[in-house]
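Got some structures for you, see below.
Look for chain A in each of the two complexes below; its partner is chain B in the first and chain C in the second.
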Partner chain A sequence: MSPRNLLVALAGQPNCGKSTVFNMLTGARQHVANYPGVTVEKKTGFFDLDDTHVELVDLPGTYSLTSYSLEERVARDFLLGDLPSVVIDVADGANLKRNLYLTLQLLEMEVPTVLNLNMMDVVERRGQRVDVAKLQEILGTPVVPTKAKKGEGKEALKAAVKSLVGKAHGPVYKIDYGQLEDHISELEAVLVEDPVLSVQYPVRWFAIKLLEGDAGVTELLTGTHLDAQKVFDRVESCRQRFHKEEGHACERHIAFTRHGSCAKIIRETVTFPEEKRRNLSDRADRYVCNRLLGPLILIAILFVLYEISIVFGNWLALQIWPLWGALESFAGDVLPQAGFLNDPILRSLGLWVVKSITAILNYLPIFFLLFSLIAVLEDSGYMPRMAFILDRLFRRFGLHGQSTLPMILGGVYVGGCAIPGVMATKAIPDERARLATIMIVPMMNCLAKVPLYLILIGAYFSDVAGSTMFFIATVTLFMALPVAKILSITVLKKRPSAPFIMEMPPYHVPTISGVLRRAIERVWLFMKKIVTVVAAVAVVVFVLINYPGLTDSRKAHYEDMQDAAVAAFMADVGRTGFKDEIGSEDVLPIILFGEAIRDAKRAVTDQDRAALIDAEFQEENPAYYAVARRVGKDGKALNKSLKKVIRVRKQIRREARAERFETSFLGTMGRALEPVTQWAGFNWRINIALLSAFAAKENSAATLGSIYGIDGSDQSVQESMKAGEGGFTPLHALALMLFMALYPPCVPASIMVRSQSNSTKWMLFSIGYQTLLGLFVASLVFTGGTVLGLTGVQAMWGFYALCVATTLIMAMIPTPEEKEAVVASNITQVNTIALKEE
Partner chain B sequence: MKKRMIVLTLAAMAAFAGQAFAHSPLMSCFDNGDNTITCEGGFSDGSSAAGVKMHVRDGDGKSILEANMNDDSECTFDKPAGAYVVIFDAGEGHTVELNGADIIE
Partner chain C sequence: MTLDELQPGVCCTMKDMTADGALGQRLMDLGFCPGALIEIVRNAPLIDPVELHLDGYHVSIRHNEAKHIEVEA
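Let's turn to the complex of A and B:
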């Protein structure tokens, strides 16, 4: 690192005002990206220190530097890998004891640390006093008090950073681990022998981490040390001897000692007011976290959240749609012109991609509202309380208290969308629970699945429609919870899970600027990511549903239809005054001319404006205009004739598209799957409808509609479906509904899974296991129901009972954490005890 | 504790039964100038609106026409004499209304 370019990291626990300090130091000079390889946000900003250019990296907020959560690992990897010259450790001055826990770990890692006591205004208001000089002396590192909200202390903080640069710093505070010290020294001696490791990492810290059984450091050792096994054997022997001597595990001792040290330092440096009144946050928590009131408040908050983000968001999306619609028409204008039967590939592919992107952009208002509301929940300090209220229930299924929000947004009853649902998993700190949540959110009832439910219920369960809707709406939860549990004790078993540390930050009133900044940052990040991926996937899907294309004989058949229609039109032209002006090559341009007039007038409600548009078009081509807009006797006559041609054009385009689709790669897949799906009662037609639904769930109803040929007037989809599938029974319909409920997420949601899990493997897994599970359940219900001779309704409630029973059994099976109960619960207890004391 | 949780969770789910679709319904109508109106329906994700219900109500709110969008996601009907409203009805919370006065030639 050159002296003119300095890397400084900003660390701190959540809710310590770290963002405010970051903004105070950097002003507007910042940008947000992701840490490479993970979805954790990386905020970088710049400020100047005399003639030195400082790059400030805002590390994710963490309570500690173990390797339980993604955030902790990202923060630690940055400290170890990028070697910042100075770390500014922001601490909430009013909750110093809890915040020191991180500080001591930073010092243990031997990084040059400036302790920033923030929120000193709160400290003063509460009547506490911190002896800064004493604290500095004990810790052996600069301590700077600030009131970042008011911008006070900025220069002092900069000066402290400068004082640490390039100077060999003196002895810093070392935790005395008592009886463990001998074991630490023993391991230090072993580690020092390794020439690489001892240079790269602080040896004492490494030894302590090994004794703690830290997964990340164990991995580091395997990767760095030449004879890792020898070290592991020694670590194991130390741990066992300690356990034998002291009667409890090393990690417990280490956590206890750290907390003890924090408490000791606080006793020496902080004076509390005589009357330690319960502050407002504590009093509010008596209601918010109350066993009875808590859940009610939670439900009310979630209800408001849902109403605003999804219901109001949809309305807002509709208001903004004209913007995206204009983008679509703009693309239509610049791309090559449409043909009569086939469009040029550049046009059809271009429009397909643009439409796929605008379909996603349509969610933008929903996301913006959602992110703003989540930011409000986070900033206000309600998030951890929500987790606390539901955690005990969700833990049993390998989920997290914070899984509630994603599940609600995904449509836990009926009505939601997997995309914002998966997106909202970002807030879950426990990686195992986060992945489990990502995996089950698409199983919720997003409203795109509802049209199909309604068609099937209308056709096959019309007499018990209400209870069938209740069945399908609730059974998904009883399928999702056991699945989450199974995933978390199988494929997700090895994923790190954080011990649940119940930390209740004081309530804050969120600032409008803070909330908006966060929401805009996240929306922007989302846009950049999703739009590129969607464009790429759209191309793949386009190929799958359009190729290999029509055979020559079918093409000829459609061309004959086209020629006949054009010939009939030309015969009519011959009888009018336009016979010298309009030739058969003009037919398509006239149709497109008419469409252009329509597009120009779309959403125009003012008659004068419409007349102006008409005049422009009339000037451009009077003959075309006369036909398209029925000018004069000849115009009227030809317009009628033109309409017939337009109808034929639409018909052959539609039929050719359906035919292309059925013979496409995706369509062929539908047929090829018939031998497997017959056990679930699906024939190839249904397979195709389901495959097309993968592109977007709504398509299933539309595809079923086009397969069964609704003519728009007298027959509804369910009637034509009944007519089209003579052998279809309620059992078929039930199997189909259940398959749809478990069906893999649509393409945009899958992309969201990819983006939130940050792995293509997990996306493919989620598609794969849901397809298999869906097929299994559908086959179980259909084949099982057939063998037992059950009616649709009997099979339905039989299956319901089975799901509820499975859920209850799954709740009894201990989770991996419960198996490691001794270790985890001890650490949790230690933390909980320490936090409650404040 | 757990039982109460389950009951409350179920109650919450019932409360969220309100219909809202994550894709927006769209409709535009055009006066063809021959005393007919053509309405085009669709959804923001590009889904077809074939088969979706259409209503036309007169100035008093009385239903004067019920139809379905045809295979081309279109519906053509005779222009009503007085005031009217066209409703694209793809389910609760999923409707678009267009005032006849805003449908111009």
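Let's turn to the complex of A and C:
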């Protein structure tokens, strides 16, 4: 009887069309998570096989199953630990020789394997022929050809999976390792003695892995075997004897033999066309990777990417905004009613949280477009070309060719977002370069930094606005590159740096469904992570800026103001026909009633519809309606009086809020930080704005707005800031802009840093060093500029020159690899000289 | 001679490899083994890395890594 629930794994090398096969089998029934404890994405999908429910797990794409890379370890641990009933090994039919390398390793692990020859359409187009029956006979395991892109071969693949379930395994292809076989048997004999290990793991595979010197298997042995040291001694002796006999290391012999076996199988099963044709990809690469055209095409593509995702995405976000606005007003309706002076805590906290979330949701269209475009770039095969073109340049700064995309997303020019940027570092195989990239992406100019720039430029650099914008947009790159270099030769020095070996797959036309699926998947994952975190952080920040709250005497002061306003209104009521209908307790309800009418009629352009709304409100409460909508002589008179009350209410609410803000925990912090930040020219008001920006950078502008009390007045933030900070000079503004540019990642981005670096320590480091660097740079510019008596513009370009110079100097310093390479070549030189002398 | 000394357009046969550890493993996984036919396709716009054609597919590596591959033109 077949089991009712079946675990099937999908393995395959990169670029073999594995995700297409995955989607073909599972359709929309899939979800994404991470493998426990690591940042490798784990995709799970489901499909039915008659009455059996199958869970399909997509293993990371790997060329091999060693333990040098995280992906390979994850894939292997899954095969060994979760024991899938069947493994579908997807192979690129047109590149069978290389793909078989993984297949043979799977067979060696003794997992029931179905070999899926995918991309058979490409095989046919190239005029190759694969003898499937012969291949199946040689391998001793089912071989199924498919054209997953066209959905062909799905049923055959399922049938093959079914044929393997619950059946005793026949003899499968075994690689003959020749001279090594004796050593393998010798180790097998030792391993078989251990009762636990020999049941848990395939013994021959274990022996081969030990001979290969595989770190992961060595660990396994230490963990499971009772007398591991004895086995290690034996392995060591085998390896040494083999090296002596054959003249090269075991691992090399094993890999070379595997390749030999692949080549042999290919000779027997695949026929290639006589003439070799240059395929389309080769011809395209002649231009795409061309010395002159390549960089130009790259810039053009990045420009289009930026235009569509940021510029068009911003427009789209504006169109969608009413939706989030509706969410906010819906929350406003559901939550308890507003008070005259203070709102109930449930209302203010609820609105605060909803507003924080909608602020993030506002970026959703941008993320969606970004993720779609990235999926297009990935599926088309352009990504590796991008890395190919830029690797040399980035290498000089300790980054990687593949760091380009994260930096673009973060906002190399103006208007990115660090969250997708940090997310995109996942693809970088070099650990050191990856971390360096994660550390500098938040220094790019994300969209949320722009409002503050605009306020400051408007207030202090309005005569040179264009060039100032250019300055702040480009100077960040010249700050980020040297920082990346410094980090990679200091704190990241010890991190493993992987060799740059990258496949350049042929170009593919991406499918719409594939792109959409990927984009939606990522957006969803992002939402789940971010929205929960943002909600939690919003609560904390709310407490920080609202508590401990006003003192009793100040509260009494505001209440007196309120009472006076209400009393004046009531005196007016007494002179009208409403004196019996309206009491002092009705004042607030009337105000809210008026607001409700305004809200209901917002965005209603149809006259009849508006009249209908009016009629409904009038019916609900004629007296309130008369006052709010100026009906009749009394209504008009009272409306005038009501407006005064509303004005007073707004004023005292604003003043009370500003006061609460100043005396809040965050406000106290802002004052406490003044001794440090004075060197950068920041007073406590600026400190509060900067502190509140940590939750989300838009807050800096919003906070400045509420500090300078702009709501309700017609003044813009820059005008009221200029008025409120008489002593401010352009130098202050410049220091503030530079601090903002270097500002630590906001909370959601920090969470992303944590999840991508897989360590809280790196997140804290990222926050810490950027804060210190920002303070240092701002102090340097402000204090330095003041001492030297520079104007804002002089200081700006002086600083620019300094950054460019630092970048150039940093490019000159050799990376650790280059140092090693120099040492290595010196040694070879010495050796050759020594040899010659002999 | 080593692979990094060759100019684009040249074809060669791999003889041996002087890399071990992760680099050696990675190279072997991608099909660099004695007897493999390697064509140097092109250098990147800034010279490094270099694109190679091997066993029907393209792979790019840095010259620093190519130095570890011994070939015969």
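Convention: the second predicted complex is superposed on the first by the 512 of 838 C-alpha atoms of A that agree within 3 Å, B and C clash if a C-alpha of one lies under 4 Å from a C-alpha of the other, contacts with A are read in each partner's own complex, and residues count from 1 in each chain.
Convention: contacts are C-beta pairs under 8 Å (C-beta built on N, C-alpha and C of every residue); 3 or more make two chains touch, one makes a residue touch a chain.
On a predicted model such as this, the values are computed, not experimentally measured, just so you know.
Asks: After superposition on the shared chain, which partner residues are touched by A:A94: those of chain B (first), chain C (second), both, or neither?
Replies: Only chain C is touched by A:A94; chain B is not.
Asks: Quick check for you: in the superposed arrangement, does A:R392 touch first (chain B), second (chain C), both or neither?
Replies: A:R392 sits against chain B and chain C alike.
Asks: Could you let me know whether more residues of chain A are touched by chain B or by chain C?
Replies: Of chain B and chain C, more residues of chain A lie in contact with B.
Asks: Contact-wise, after the overlay, does A:T605 reach chain B, chain C, both or neither (first, second, both, neither)?
Replies: First partner only, chain B.
Asks: Is A:T358 touching the first partner chain B, the second partner chain C, both, or neither of them?
Replies: After superposition on chain A, A:T358 lies in contact with chain B alone.
Asks: Touch check for A:L318: first (chain B), second (chain C), both, or neither?
Replies: The first partner, chain B, only.
Asks: Looking at A:C289 after the superposition, I want to know if it touches chain B, chain C, both of them or none. Which is it: first, second, both, neither?
Replies: second
Asks: Taking the superposition on A as described, I'd like to know which of chain B and chain C A:I408 touches: first, second, both or neither.
Replies: Touch partner of A:I408: chain B, not chain C.
Asks: Starting from the residues of chain A touching chain B, keep only those that also touch chain C in the other complex, and list them.
Replies: Touching chain B in the first complex and chain C in the second, residues 291-292, 295, 392-393 of chain A appear in both lists.
Asks: Give the list of chain A residues in touch with chain C in this complex.
Replies: 63-64, 66, 68-69, 94-95, 97-98, 101, 249, 251-252, 255-256, 259-260, 281-282, 285-286, 289-292, 294-295, 384, 388-389, 391-393, 395, 401, 496, 498-505, 817, 821
Asks: Considering the complex alone, what residue numbers of chain C touch chain A?
Replies: Residues in contact with chain A: 17, 20-31, 33-34, 36, 41-49, 51, 55-62, 64-65, 67.
Asks: Can you list the chain A residues touching chain B in their complex?
Replies: Contact set of chain A toward chain B: 291-292, 295-296, 299, 302-303, 306-307, 310-311, 314, 317-318, 321, 324-325, 355-356, 358-359, 362-363, 366, 390, 392-393, 408, 412-417, 419-420, 446-448, 450-451, 454, 473-474, 477, 598, 601-607, 610, 629-630, 636, 639, 650-651, 654, 696, 698-699, 701-702, 705-706, 710-713, 716-717.
Asks: Under the stated contact criterion, what part of chain B meets chain A in this complex?
Replies: Listed in rising order, the residues of chain B that touch chain A are 1-2, 4-6, 8-26, 28, 30, 33-34, 43-48, 50-51, 67-72, 75, 91, 93, 96, 101-105.
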